[in-house]
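The same subunit A turns up in both complexes below, where it pairs with subunit B and then with subunit C.
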Partner chain A sequence: MSTMSTPSPKESIARRLAPVLTLLLLASLMALPLVVTDTYSLHFIWKVLFWAAIAAAWNIAGGYAGLFSLGHAAFFGLGAYTSILLYMQAGVSPWIGMIVGSLVALCFSLAIGLLTLRLRGSFFALATIAFAEVLRIAVVNGRDVTGGSEGLSVSFAPGLVNMIFQDRASYVVLMAAVLFVIGATTLLIERSALGYSLAALREDEDAAEALGIDTIRVKLIAIAISAFLSAVTGTLYAFYILLIEPTTVLGIGFSVEIALIAIIGGMGTVLGPLLGAILIVPLSEYLRAEFAASLQGLYLLIYGTILIVMVVFLPNGLISAIRDPRSVLRRVRRRKSASSRPEEKADA
Partner chain B sequence: MTAIYIQLVVSGLLLGGIYALVSVGLTMIFGVSRIKNFAHGDLVMVGMYLTYALTTWTQLDPYLLVPVVTVALFGFGLLLSFALIRRIQGAPQVAQIFATVGLGLVLQNAALMIFGADFRTTNSEIAGNVLRFWGISLPLSLFIAFVVSMAVIACLTVFLRTSMVGKAMRAIAQDRRAASLMSIDVKFIDMLTFGLGTACAGLAGALLVPLYPVYPTIGANLVLISFVVVILGGLGSIEGALIGGLAIGLIETLSGFFIGSEMRQMAYFLVFIAVLLFRPAGLFGQRGSETLGS
Partner chain C sequence: MLEVRHLTKRFGGLAAVNDVSLTLNKGEILGLIGPNGAGKTTFFNCVAGAMQPSEGQVLLEGRELTGKKAHDVCRAGIGRTYQIVKPFGKLSVRDNVLVGALNQTRNVADARRIADEALELTGLADQRNVLAASMPLPRRKRLEIARALATGPKILLLDEVMAGLNPSEVELAIDLIKTLRSRGIAILIIEHLMRVITSVSDRIVVMHHGEKLAEGAPSAVMNDPKVVEAYLGEGFVAQD
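Right, the complex of A and B next:
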């Protein structure tokens, strides 16, 4: 990870500029609804912001703490279902439901973390898949409360208290605000003692422990924040789409797409998820519009291919290529020479 | 009443035999190459569709095509290993997890594009028969799948103990670097292992075709089951995969009967959590082997 070693002057400028750039980008995104008014474009912008937000939430666990969750749909879905159920059954405002749902997701993430983080390796990824699947099955079978596989739909009753708006622009602004909060949280983490602990942890877990970092505690904090923010995004999604069903909201496909966007953009960076969403959402919209009727599955096939190519050739994401194009060339060259050399770090 | 319980236990064990075969492939690849193949279930799916397609095309009984599918999947495994898996050998965890997740996505959606989302079933004249003894009845296809699975697992065990290639595999599993110093062609053995693991998945798929309908996302289910089996049995252990597979088959059938068939996956999850809590190395894993996953 080139950004973690002593930064070259060029890099440190980039690091200092990053928050300014992020703010500018988000500000321009928030201002977009003033210029763009047609429903389709607004929906499209909302989608980009939405995927950027959920991928950024994943990034805090996956990118910064190295906790490669394949079940973030569970945290997202807990937020969506909790707030919708509270709203429909008890008339609780989604603004409060959002907080409650996020706390529920946070508790579940801590439970998974406590169970699996003592162990290294892929247990965490496996446990998150299993957990998300169990939640999906529970929701499908708890028909009386959750509406089963048909899901739950909310009737359109506009009002600020209901988090339901007449115009799409309000939704876009709201999602941009959440993305901003997630981005700011990420930036704060990156610059805090927690961020340095996380960086140390990613580089070498044993060394980090030897330095006195409580690695399990640090990971738990990261996954808790990530789950909380994912659930917030879940509530926003639920009250925009006004329909949630277990296959879309809790399915493993959704979890993979979340991770995919963060990985393609660049894990462990503030801007990576946004970059990933800006690239992937238009691509998926195009592919779905062009080929959905004739060739279903094509867009996911292309997603899968992109994912493979990215993790093999550009594991630090597209953002690393933008920041330092030469490092990519170096990597490719190293790969070529490495293939003719005996293996070195085989049992890493 | 006892007949029902015997029936449940026997069919659970038979089903577990197939899970064991699927999991043996996964655990071998992990043990030798330290690769956690999240696409393993999708390789079973490929085996199932290949059997389905060949059966429809040749009009032969699916059981006659089992060897063809197994060999084809062995070749497919070698190809995948050459094109992708060797590139993520020793790479960071994120690359290993998401490259195989991506592979799974590609395979699933290629199947969706070729065969559509419908459930496909294959008829076999042999599979229609039912075995009856001790007051219980079992589909012959389940019985055949179990016997073949056990035979293959037994052969693999003998192969790993006695043949040169098998010994090389075990040597790499113990210490990759030392093995390469003993002039073992580590990369070649890696490829061979992945081919064998894929062949196990394909064979299991071919045996499953007369039993279950095939659809593109069936692999996602199977990969979760086989990871639970492998973790229960101990990562990298063939005996563990066997015992774990039988146990999970039994748990699935019993919980399906007593709690309801939709809740079966709850049962796997509980087993998974129990293993993580009480014996993270698995039943047959060496102490400390849980950290090898990193």
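Right, the complex of A and C next:
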């Protein structure tokens, strides 16, 4: 029997380096717009940052608190719709609208949380889908205010107050700043009493309760922070794209993709969502460009296959391959030997 | 210190615990014994807030704890261990105990210090960086105690912390329990091992079919024919 003794010094160094690495990665991403200037590349960088940010916001609830939400589009959409409506109807600056929208999403998340947090596992996920769908349908039917399924579009009126910029670089810097804030928040949570409480309840809720952790309260805090940050990202999205529709910003497909990026990158880690976005966004972009012309939907098939392979071999996300590459190799080898000798069970 | 009055817990028509009262005094070790299915663990769960009692009262230093949630009970000063250990497997031993220490302070650095003390006291200090999931059962049982201890309890509820230990490990565990008592923690302990419970307890309460059968000093209880019959079986009575 191989004994799992103290973690090797290498690993603890990797752990200590993680925040430094995060900062370096983010700093280089923020510096990119200084070097890269063409519109397409900037849009592409914005997309990576955007997916990293929304996945990182999800990660606080989904990864850290174990609240596997498949309805985060609701929080995102609430942020986007609130700030756009305030801007269009009352001329309120998106900077203020962003805060208002995020508070609306926060309240919505608390309401959902109080109703559903007693549900565990997949029941919670199902409940979040239901809430997001209810919101989407309400927006589609609230034509007079929300513009129905056609959505709302904002006229292009550049200005710092309007959060609308002539150049894309400003958008990239803004999104990088938000990603930085979300990353820093995650890191702070991870090292605080809240982070330890979350880690405990993720492992065993009853034991956490017995040690004095108010599990419901801790989960509510996590989902509220997550919803708030998701809505911030929603506002940024709305004032970059300048068009929001219920199917894209409130749809279940969007919710699933948010979760997917965090899972692929590594749930419950600071760097995971960023890694996920760095891999997934170029991948889907490339596949779409390469295969979209030849056969409708073929790119989705390939995309799906790659995701399945990744989840099978890297169930703890890309981050696990960086932290402990040997364990991944072991897993691959075990799979191989298991498939060549089907009578033996692969699980240890 | 801890006073349980007429505690009853029904599951449907079955009373798993039926009208059990007991008092735990300051600095006392009270043994709770009884055959399998006597309702000992259910009794624990009702005191610790993991289950809500159907009837009766739980008072800690005169303050009502009945029906409080588990985390509130812990906050009030009652720590517990689980018979089937529940370590946070993916956390290190130290972080496991640190989580318990957060019951005393919200400051992580302070909590780490409290955790290290608890690890020292329970003899797990050299294991602090090991993942909890990779430890053998005896150590996980000790981890369970260390974690409960780190919450800073006035009272510890220990549920079969010695089951599955070998004799020398049992010796260590007995020493540990006595050390805890010397630090002013009152202890209510469920244990199957007769030798352990008689040597460690100041008083013993015997449960049988959910009811309190006897109560008193270890020697008196052990010689009570009612107890011998219920707990050890009729054979023992006949042989005597």
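Worth pointing out:
The criterion applied here is as follows: the second predicted complex is superposed on the first by the 300 of 348 C-alpha atoms of A that agree within 3 Å, B and C clash if a C-alpha of one lies under 4 Å from a C-alpha of the other, contacts with A are read in each partner's own complex, and residues count from 1 in each chain.
Definition applied: contacts are C-beta pairs under 8 Å (C-beta built on N, C-alpha and C of every residue); 3 or more make two chains touch, one makes a residue touch a chain.
What you are looking at is a predicted structure, and each value in this text was computed from that prediction instead of being measured.
Of the two partner chains placed by the overlay, only subunit B lies in contact with A:300; subunit C stays clear of it. In the superposed three-chain model, the partner touching more residues of subunit A is B, compared with the other of subunit B and subunit C.
When the two structures are aligned on the shared chain, A:148 is found in touch with neither subunit B nor subunit C.
Judged by the touch definition given at the top, the superposed model places A:208 against subunit C, while subunit B stays out of reach.
Of the two partner chains placed by superposition, only subunit C is touched by A:197; subunit B is not.
Applying the stated touch rule to the two superposed structures, the subunit B and subunit C interfaces on subunit A have no residue in common. Considering their complex, residues 48-50, 69-72, 74-75, 79-80, 82, 86-92, 95, 98-100, 102-103, 106-108, 111, 129-131, 133-134, 147-148, 151 of subunit C touch subunit A. Across the complex, subunit A meets subunit C through its residues 3-7, 191-193, 196-197, 199-200, 203-204, 206-215.
By the touch criterion given at the top, residues 34, 36, 84, 87-95, 97-99, 101-106, 108-110, 112-113, 116-117, 175-177, 180, 186-187, 216, 220, 224, 227-228, 231, 262-263, 265-266, 268-269, 272-273, 276-277, 280, 290-294 of subunit B touch subunit A in their complex.
The touching residues of subunit A, counted against subunit B in their complex, run 62, 66, 68, 70, 115-116, 118-123, 125-127, 129-131, 133-134, 137-138, 140-141, 205, 252, 256, 259-260, 263, 267, 295-298, 300-301, 303-308, 311-312, 315, 342-343, 345-348.
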